[in-house]
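Pasting the structures in now, so scroll down.
Look at the two complexes coming up: chain A is in both, with chain B in one and chain C in the other.
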Partner chain A sequence: MFRTTLLTLAMTVLLPTVAFADPTAEELLKKYDSVMGPENFSATILMTAHRDDGTTRAYKMSMLKKGDDKFRATFAEPAAVRGQEMLRQGDNLWVYMPNLKRAVRLANRDSFQGGDFNNADVLRVNYQADYSAKVIADSGRADAWLIELHAKTKEAAYDMIKLWMRKSDSQPVKGEYYTASGKMLRAAEFSDFKPFSGLVRPGKISMKNMLATQRYSTMTWDAMDSKVNPPSGKFVLDDLGR
Partner chain B sequence: MFSLLQIAIRNVMRNKRRTAITLAALLVGVSVMVSIRGALNGLQRSLVQNVVSGQTGAIQVHRAGFLKNVLSSPLSLDMPQDADFEKKLLSVPHVKAVSPRILFAGMINVADQTIFLGVQAIDPIREFQVVPLRQATMGDKGLMESGKVLDAMVVTEQLQGALQGSKVPKDAPAAILAPDKDGALSGENVTLTGVMKLNMPGEKKVGMVHIGVAQRLLKMEGRATEYIVAVDEIENIPQVAAELRKALGKEYEVSTWEDIATFVKQAMQRQSMILSLVAGVFMILMLLGVANTMLMSVLDRTREIGTMMAVGVRRSKILGLFLMEAATIGAMGGIVGGAVGSVIVLALNARGISVTFPGSNVPFTIHPYVSASYLISIVALAGMGALLFAIYPAWRASRLRPVEALAGG
Partner chain C sequence: MRNLALIMGCLLLAMPVWAQDAVVPADAVTPDAATPDTSMPEEPPPAEPLVKVRANGFLDTRTTGAYASVGHLLPADDVAHLANLTEGNIQLKLDWGDKGTGVADASFLFQKGGLYYGNDGTGERLRLADHDVSMYRPSAVLSEFYGTYNFHDHFNLTVGKKRIVWGPGLANNPTDLLNPAKDPTDPTMQRAGSWLVRAEAPFDLFTLSFVAAGKVTRQFGGIPGGLVYYPDAHPATQYDKYGNAQSDGYDTRPHYALAARAYALWKETDWNLYWFQTQQYNDAFNYKNRVGLSASHVFFNALELHVEAVGYTGSSKAYFDSSCIGSVSAFQGCGMAGKTPGGYTQIDDPGVRVKALAGGRWQFGDNASFTFEYLYNGEGYNSQEFSNFAQVASLRPQLLSLMDTLASAHVSLPGNALSFLSPTSNTDSGAPQKFTFEPMRRHYAFFTYLHTMIADDWNVNTVVLLGLEDLSGQIAPQVTWLTREWLNLTLGGLYTIPGVKSLGAQVGDVRYTENGMQPTMWRLFFSARVFY
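So, the complex of A and B:
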């Protein structure tokens, strides 16, 4: 009797751990991509850049994504950048300048509108394609897993990323972004988790610049719909500026 | 004392071959030292001139903190670009001309290629008043045409090379992209109108535009990030800098070319140190030669010294005589060597030596020169050194025992 009780007790304690084994790095990466860059979506996003001198600049944009590697962002505010568009197609990235009436090629690792995100942070969210990942046993915090990402291609936004994802629902909570030499460039915090037309994801990312520590930028999602299916014709150079 | 000098001179003249060899050593040593110093003087003056009138200008004025933050966001540390501000700068005595600049980092796009570059936005007409040597590094076509500002950019050969090799045609359409003073991405169409030579080591991918184009691109109408101040004479730079500091107050920082081109200053100090070392070694070798001949002379003239002692010449006089002989040779060698060195330096000065610095493609001519004070000091050094190195042989001579010396040592 006693023995049976003990066995039952042991089973109740042990069973959950057996049933919910730790996710693999690949599973976590897939989860990250599915919330941060679902296959198709349209969104309106507000970026606020906090500068060294204490002033802020706000940028309002709408964004479209189709498939793995097609992004288009259109800026609405401030007036200085109204009508600017950015287009990503595979490894190519262009910015369309209304006053030049043409698109100009940009680098992935360039700063996105002078803020603390880089272009690839915003327009190249496909970690499964860009990075190989491994789980680090000691994440430094009890509520989150830590995975370490190493770039597979030189087009990736960073050479190395440390990403913390919380154990409760595998949502990303914190990221650190490094150069090949191990210098930390930026650090992100993910917050305001809420559903966007059914998809629960962070509503806000705060990106701190580790090189100029007075600077940081936040990106807030006003709306996001991952059930849209934008036409392919939206993702060609000729369509920019229309 | 005077008779001792006469005897010394007579003795020096007596053994012509030995004197000639010693003099030759001194002559070569001193003339080489003078020539090297002259060449280095010329090189360093050219270097300073090249920096002052080809790159940094004599003095630069920035907003306080600009140089420290030059890598992060220098556009927010700007200053007015207007007549009032310029009047303030020009009112300082010895200021010859002023010219505004905006320095910023951006990208240049040609065809389907975009690369990073450093941009210097200048006012071409006034730029050449403050850094006249720059005119030589610019191509035939520039940033203005018959008084009108062109939407144009002149790029370094290195930048042109990076832009698809030499395939970039002249007058190629291009666009400059840069974050404006608020950080928003901004772009302007330009035409690549010319190629300039890089005139100093440092950032190689550089483009130059008219300041008006940059002000439009960066949304900085009527603003600049630095003023270059030209001063009438290089010697007046520190004084003008001090007065500008007083006139502009704490809000601005005033830097001389030495503060900005610190590497030039350091290189010059290093060169001078190495020269002193080389000159020192030369001098010692030369003087060892003098000591050697003096010692030979003492050994040769043992009998003579004995005779002098026998007729009552004091040991101190013997010591003095040999020292005097050495000093005479030293002075003669120094003077002749200095004269030969000066002739070489003068000849090179008239001819000029063409030099190209590593990392720069602009050859420039150096004109060696030496100062009178350097010549005097080197002649004095040769004489004093010869005297110093003759102490031991002269002491040996004065210590001889008359009897043994008479017997031939």
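So, the complex of A and C:
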């Protein structure tokens, strides 16, 4: 009787602790990847680059993803870049230039269409594969977890990332992206959370270029479907331009 | 092959029967990937239409000023010192579900050239009357016109005119035997392909392609009038000044190219193996087999290195017997004696030749890149052969006159000794280019610096082509202002680097470098391009 009472008491005390234990960094990264880069999806995205002089340039594109490492982006607007495509397969990246009628192999390091996102920000959303992470304390923000990510592959876009994820639903709300020396290159804010074919995620990301603080770019998801299963033939080099 | 356009039209019409939506819902979505939230209403996405047509293009007007020397080896008579080219381009793309695609890319070119100068016979500059020059005539260029149908994820068929470039070279592609040559100083100017049928089997990590291409034997206003074989009838308008029907290269042989290519993505590298057979296609070779390879890899996340090579036996260049080319009479004497003064004498030579390009592209990380490439042209002339070529080039006006005289008397030299004066050419040369690269020597270097999005709206591009044997070449700087999302303004130039004359070919008491033979010394152009 005493043992039963003790067990019941222990469970009463311990269970809430187990049920509401802080998520691990790995769990948060897994959540980030599942929200920002679901296994498969098709999306229509508008990227707007806000420049130093206050003017903007808008790029409309469709994006297709399959599995962990296959991305394809096709630009529809403006007319000057219509038909341009980018393909990522694993660590390989190509850009198809309609005026050359051919694809050229690229490194990840260029900015994405001259905006404030780089190619990897858009075409390489797989933080679990590229970064090791730990949750750290952030006295300034009680409503979010702060995780610090350090690159573990040479293909990772940044040496270090600080990522804030809401405690209420583990959605990303803020990111800071650093060089190895600790210099902040970019800062992102995630907003406009809404469902896309059942998947709730940020509908807008604002990326500020910290090296030129007057400029920033936004990416707005007009549509996204994470229930598609694109044919693998869409992710081969020879399909670009078709 | 003569009815490629008809076949493609039938293919496009038949597509609705086969077309299906290939983007199918997954049976199961990874549970972690979705976070359903029924509290937030969501609008259903609009249904995708089965047929989607997209149209875009541009209107470009380019005004060019040039200066041509009248004292160079090649005549300046047909070089317009002021020219305008206005191009209206339309590109249509039709998607039929996710299986079928139809593409058309057509340009209509309105050109006008004027201000011609020639040599008055004493070496002085003489203004010539404006005259008709074929390269400044209005024309239409059908760069691409094809349909592709994906019968299966791993098999598709393409029929029509398409530019297919497999090799990774930027300024030059030794393995591109199918298309009209591109301008190394501005590769974006040439988008024209070849008429072909392609069967392709793409997989995740490898692709097999087979292409059968037919040469355009006659073309009128951008529309092919003959493919693979010459039409039996001669074109009605082409007669020589004696009233004889011009041959325009007419023969009864087929003119085609076959290509097989195996691609693999292995160890983060693009690998290609090629086999070609060409028959009087874009050069003088008959039933010539060639093999090639190419590779491209990115190192340090910044440096792309590539190599591209093709190997074959024989040479399609014209070679000359130095004992026969001292003068027109020596030339004629050799011909009458049955000795070949010049021609495609090494076309069946068993010696192996290689054309290879190796290079790299460094991406600086601020939208700038620097590309360096070296081209080895295995069938290029050595110093003596190049001197012979330059000597014959200096005699070319007299030799053409001799050919006219012989033709009027219905006499020809034995062994078709003057055939090199009408070399095999590509009837469909594609879009007009500011510079055509036809390598005569063996060693070349290309340097390309490209910086886009400078102060957001400016692109700078400079290309240097250098012949390494005489250091002559071309330099082509270009600045583009992306004024609006729909308007680009470009100021560019092309300057001939004369090279080191002491390394050039001796003709009489003058030495000529390869690029120094060309009459054009510089060009400056301004272009306005409106996109829609």
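In this section, the second predicted complex is superposed on the first by the 223 of 242 C-alpha atoms of A that agree within 3 Å, B and C clash if a C-alpha of one lies under 4 Å from a C-alpha of the other, contacts with A are read in each partner's own complex, and residues count from 1 in each chain.
Rule of thumb we're sticking to: a contact is a pair of C-beta atoms (placed from the backbone, for glycine too) under 8 Å apart; a residue touches a chain by one contact, two chains touch by 3 or more.
Just so you know, these numbers come straight off a predicted model, no measurement behind them.
Applying the stated clash criterion after superposition on chain A shows that chain B and chain C collide.
Within the superposed three-chain model, A:Ala212 lies in touch with chain B and out of touch with chain C [touch as defined at top]. Once the two complexes are overlaid on the shared chain, A:Leu100 sits against chain B and chain C alike. Of the two partner chains placed by superposition, A:Lys152 touches none, neither chain B nor chain C. Among chain B and chain C, the chain that touches a larger number of residues in chain A is C. Legend: residue contacts after superposition of the two complexes on their common chain; A:Lys183 is shown touching neither chain B nor chain C.
In the superposition on chain A, contact is made by A:Pro230 with chain C only, not with chain B. In the superposition on chain A, contact of A:Arg57 is made with both chain B and chain C.
With both structures placed on the common chain, the touch criterion links A:Arg141 to neither chain B nor chain C.
Contacts of A:Arg242 after superposition on the shared chain: chain C is touched, whereas chain B is not. By the touch criterion stated above, A:Gln84 is placed in contact with chain B alone, chain C being left untouched.
Of 79-87, 115-123, 277-285 or 331-339, the chain B stretch that intrudes into chain C once chain A is superposed is 115-123 (criterion: clashing C-alpha atoms). Contacts of chain A with chain B, set against its contacts with chain C after fitting on chain A, overlap at residues 49, 51-53, 57, 78, 80, 97, 99-100, 102, 104-107, 110-111, 114.
Of all residues in chain B, only 72-73, 76, 107, 109, 112-114, 116, 175, 177, 179-180, 182-189, 219 touch chain A in the complex they form.
For chain C in complex with chain A, the touching residues are 22-27, 29-30, 32-37, 40, 42, 45, 54, 56, 58, 91, 93, 98, 101, 144, 148, 150, 153-154, 163, 165, 168, 170, 187-188, 191, 193, 200, 202-204, 207, 209, 263, 265, 268, 270, 296-298, 301-304, 306, 363, 365, 367, 452-453, 456, 482, 485-486, 488, 531-532. By the touch criterion given at the top, residues 30-31, 34-35, 38-40, 42, 49, 51-53, 57-58, 76, 78-80, 82-83, 89-93, 97-102, 104-111, 114, 154-155, 169, 194-201, 223, 225-233, 235-239, 242 of chain A touch chain C in their complex.
For chain A in complex with chain B, the touching residues are 49, 51-53, 57, 59, 78, 80-81, 84, 95, 97, 99-100, 102, 104-107, 110-111, 113-115, 212.
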